[in-house]
Amino acid sequence: MEIKRPKIKSIPYEEFKDNDTLEAMIAQINKERTNVLLGKLDDLINWGRSNSLWSLTFATSCCGIEFMSVGAARYDFARFGFEVTRNSPRQADLIMCAGTITHKMAPVLKRLYDQMAEPKYVVAVGGCAISGGPFKDSYHVLNGIDKIIPVDVYIPGCPPRPEAILYGMMQLQRKVKIEKFLGGKNAHQNRKEIPDEPIIVTNYPTGEDKKE
Amino acid sequence: MTEMEVKFIELDEFRNAMQRERERGMDFLREIVGMDWGEEGLGAIYILENSNTRENTEIGVRTTEREKPQIPTVSDIWQVAELYEREVFDFFGIEFTGHHDLRRLFLRNDWVGHPLRKDYDASETLNPVRLESEPAEEFQREYDIQDDKEMAKIVEKLKILHYDQFIINIGPQHPATHGVLHFHLALEGEEVRKVDIRCGYIHRGIEKMCESRTYPQILPFCDRLDYLSAHQNRHAVCMCIEKALGLELTDRTQYIRTIMDELQRIDSHLLMYSCMAMDMGAITGFIYGFREREKILDIMEEVTGGRLIQNYYVIGGVQADITANFARKVKEYCNDQKMRIKEYYDLFVNNVIFRNRSIGVGVLTREDAISFGATGGTGRASGWACDVRKRYPYAMYDKVEFKEILHTDGDCYARLLVRLEEILESIHIIEQLIDNIPEGEYKVKTKPIIKLPEGRFSASVEGTRGEFGVFIESHGDKSPYRLKFRPTGLPLIAAAHKIMKRCKIADLITIGASLDYVIPDIDR
Amino acid sequence: MKFEDTYIGTVFYTAKSLLTGLKVTLKEFFTRKVTEQYPENRKTLQISERHRARLVMPHDAEGNNRCIACGLCSMACPNGTISITTKSVTDEESGKSKKVLVEYSYDLGSCMFCQLCVNACPKNAIEFSNEFENAVFDRRKLVLRLNR
Amino acid sequence: MIDFSSIVTAVDCFLESAMPHQLAIVVKCILAAVCALVAYLSFAILMIYMERKVCASFQCRLGPTRVGKWGLLQVFSDVFKMIIKEIIEIKDSDRILYNLAPFLVVMSSIITFSCLPFARGLQVLDFNIGIFFIMAASSFGILGILLAGWSSSNKFSMIGAMRSGGQMISYELSMGLSILTLVVLSGTMQISEITEMQTKGWFIFRGHIPAVIAFIIYLIAGNAETNRAPFDLPEAESELTAGFHTEYSGMGFGFFYVAEFMNMFIIAGIATTIFLGGWAPLYIPGLEGFNHAMCYIPGSIWFIGKTLFIVWVLMWIRWTFPRLRIDQVLVLEWKFLVPIGLINLLIMTICVVMGWTF
């Protein structure tokens, strides 16, 4: 059965960003066809998974405060069913990496990720988690968590506003909805442990070689 | 106290001189600035204050030895120096003889080199990203002075924690540490026997990065130090640079800055109340606090364009003028907030469970508060009048009327009360200013390239959780030679070491929440 | 000894303080909720004009921008988020050579939204927009080309 | 009022006539177990949904709205996810006990659940020491929690388990005392009989002051028994990450999660049964017309309605108060609840002996 385009309430498919990456993933999965019955079951499981993404409370800096705002009354991610933030990595479905990851923190993050039970997802929130952001030429900052763990969704911003975090979560829902759990490889198992080196704009200012 | 006169003292005389300073009443060690003057050697500048007379002295000491630089410790004179010296040791490799626990404070144990030295080798090969945890240090390292005073030697004698005790790690990833702090605890039942607080999990090397940035480029980093007092941090840096340049600000700028500072203070104190409620298990209290906080964020966002990180103050003024309905919104908000505060008292503060959990827990005496340099709400809850707005008035603070909230109990309950009462005081300040914002420019023109004259400058403001200071040593370039922030949180952590002993695990969380530290500000 | 410190007093005081707390939450139970329903209210959502969510380069109807490829923005940037590729074009009439923008590359994933680039721009060729829906699946998608 | 015992008897007769006696018993057991399990699960789902919505309302937010109409399907999606979640084998854990612990907790709550009288005759277990049995069955859930904490080889779990041991065993006492107070009033331990007696007035009214005090003590102790805030020390999110179930993933955790909510329902159900008249409708002596009208509402609706109301009160308490500290929990029990409960028992006995009850 073909995997269809994932639907999200209130936002039409066309208005989402980065649909081509998603379509590439769908095409990849559709190469290995499965039968209809399993496909239906898959839909059900994906529906369950995508609406019950419990995140690990993991915040290192500013973005964490915005994540708290998302949980508070005004934005209320309970509407999506995400409100059960678990403090134990065993029970969490996704790690929302909100904040800078430093050299000292990197092993901790890696270990937390390894401690989580499959299926697990990673969302990189904010510039620091995506690329090191403001501190990317610091001696003690990891330039993007995708160097140590695979990232599913990137939410840019410094920090991203709560709506942007919700939008990112919906993007993740879309990604979860196209996965295959039965009869066919899980998109997660297809994933390489450490993804390709991301493109990074290399133009560090040094302070000396600038025009006066 | 912009331009600094540093009195340099010979290494041999140093300890005696410091002891004399302490004896004549200089009881508040504001900061220790580690320095690398290249040819002139490594050293440190100690900024001292008399907490009664507000007299300041700056004392410098240096050593030309680069391989094994050694300076006598002052950690037995001022308790906070214990952590400050560990920081200097971490960044500059200066060994403090007589310090009883000289480990790295921020960086990993196996880190190569001392990053803030000018000759630091930052290559990836020396310090790659390691995915294995750092080797645990079991012993405290003490640099002891031998009788012949020739060479200090490392003595490893005291075990940090004994492994026959029940040891747990709270953090680095733990819901109650407000970020990434690591409490290494030895327990006896529910009781904490010994605490070893480890920081550095969010050490981003901002001070080093500032040395290669132009002055306007430094400002964005300030917001990200203590992101809950982004405005105040920026205020301190702008003020320091403006004073060094001799810029006169317009009245309008000063009004806007004062109002914004106070809004930020309310924001941060609300968050402190909320997080305290959450840590104590009253999640509803947390949500109510955040509900009101969102209104401040809305006002801030409309004016500055940012919710948390505002990037608003610039050198010579502010980024953009206030919007037309700013005054109306702020007044509406203030009226609303005054009513809501009562709700917090009813729901959480006066609740008997909370009172029993916080009254008499984690008592910090006034002497300890000064010795630890625990400024801000924590210091004021212990009865130390340490408000920079009163001590060294800046912006509009000498022209408005407000009360410095003081409590004398020094326990967790007093620390929360101080914050809640300060919210009302901040509203009072805002109400005095909001209707009288004078017309005028919101920004004065500055040169496109900003260069500070040669010298050492400092400025401090009352951040939301204590005195936030900036120290700049300029050699006349467009970037500072050395820039040091006085973290508001590090003294609190130092104090936490002491007051967390012999408490229960639950009290540890209460104390942590009431001290109200923000980790990125401690680690920088 | 105050009444509150006696055994019976403690019970009464406790009950009173707990009931006050319960009253607050009960009142809230019946008041209107403050939640904004983000994806449902997309059409009506008001984001502050000054909010900085991504850098854009406005183009006029013919697709021209005001960028003169001076590079001030990329120099003002504290962490190298902007990189500009230029080429020299010789103006046929005057014979002077002039820098022209080829590609204005902006890394949304590492931008810190400090506004230094916008302040530095002499021609107001770039500005921040408040369009915040930027989350993507692929890191490379965050490196944007701003000019057309 | 419908008497479900006639239906049960009819089914019983049919089975006995259709097959041999032994087989009939087996079939009856299976039927009862299936009914109890289905009811258990549906109530669990209802409880979780209710908790989320009620909690949201107390916190001035909306709660689940996007999965299904009004978020009705939210819990189902959680269930699907939990079932397929990976179960992690913990190194150095005690495998058998580790896997057994969640079942113990769920088992104890199912057994207790089956004692609840949903309507006249609609009850799985009913015998002459019913109350006694409920208390015994519910307290072996502690064993599950203790084992979970012990076998996970995690220090946080260990502390959580120890806390829960200390707390739950203590509170068992005052719970027993407050139930005993009502047993004194009713003079029987059989649940069906207790409820039957209350068709002529609920015990909380008939026993007046001592019954109300017993009710309050029961609610506090019951709240502590279920490990819910302000007594959620064994899990204490901000202190022990997730307490005794830190190391459980997937359905292992799911069982603890479900059992927590169902225990709350059971505590409320028992409170309903012995204080608020179970399925008995509201009875006011002297208002015959009113009493008659009340009887038209089916008993199961009375029972579930009253139970859900108490559950709501428990949620209200949970979402209002901060957590206690372990020493305060014990002080509350040993210095306040137990002495007050004992005196209350005495008062009740005097009242019953002197005939001062209604």
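For clarity, chains are labelled A, B, C and D in written order, and residue numbers in each chain start from 1.
Basically, contacts are C-beta pairs under 8 Å (C-beta built on N, C-alpha and C of every residue); 3 or more make two chains touch, one makes a residue touch a chain.
All values reported here derive from a predicted model rather than from experimental measurement.
Look at the CA centroids: the one farthest from the centroid of chain B belongs to D.
Of the two chain pairs examined here, B-C and B-D, it is B-D that is joined by more C-beta pairs in contact. Chain B and chain C have Cα centroids lying 27 Å from one another. We define each chain's centre as the mean of its Cα atoms; on that basis chain B and chain D are separated by 49 Å. Rounded to whole angstrom, the centroid-to-centroid distance between chain A and chain B, based on C-alpha atoms, equals 33 Å.
A separation of 19 Å divides the Cα centre of chain A from that of chain C. In chain C, the positions touching at least two other chains are 18, 21, 24-25, 28, 33-35, 37, 51, 78, 112-113.
Residue positions of chain A touching 2 or more other chains: 9, 72-74, 76, 79, 87, 134-135, 137, 158, 161, 205, 210. Multi-chain contact residues, meaning those touching two or more other chains, occur in chain D at positions 56, 58-62, 65, 237, 241, 319-321. Contacts between chains leave no pair untouched here, as each chain touches all the others.
Contact residues of chain A toward chain B in the complex are 57-62, 64-66, 68-69, 72-74, 87, 99-100, 102-108, 110-112, 134-135, 137-142, 147-148, 158-159, 161, 205-208, 210, 212. By the touch criterion given at the top, residues 13-14, 17-18, 20-21, 23-25, 28, 34, 48, 50-52, 76, 78, 112-116, 119, 128 of chain C touch chain B in their complex.
Per the touch definition, chain C reaches chain D in the complex via residues 11, 18, 21-22, 24-26, 28-29, 31, 33-35, 37. Partner chain C is touched in their complex by these residues of chain A: 8-11, 17-18, 21-22, 25, 73-76, 79, 127, 130-137, 144, 146, 151-158, 160-164, 166-168, 170-171, 175, 198-205, 210-211. The touching residues of chain D, counted against chain B in their complex, run 58-61, 155-156, 159, 163, 229-230, 232, 236-241, 319-328.
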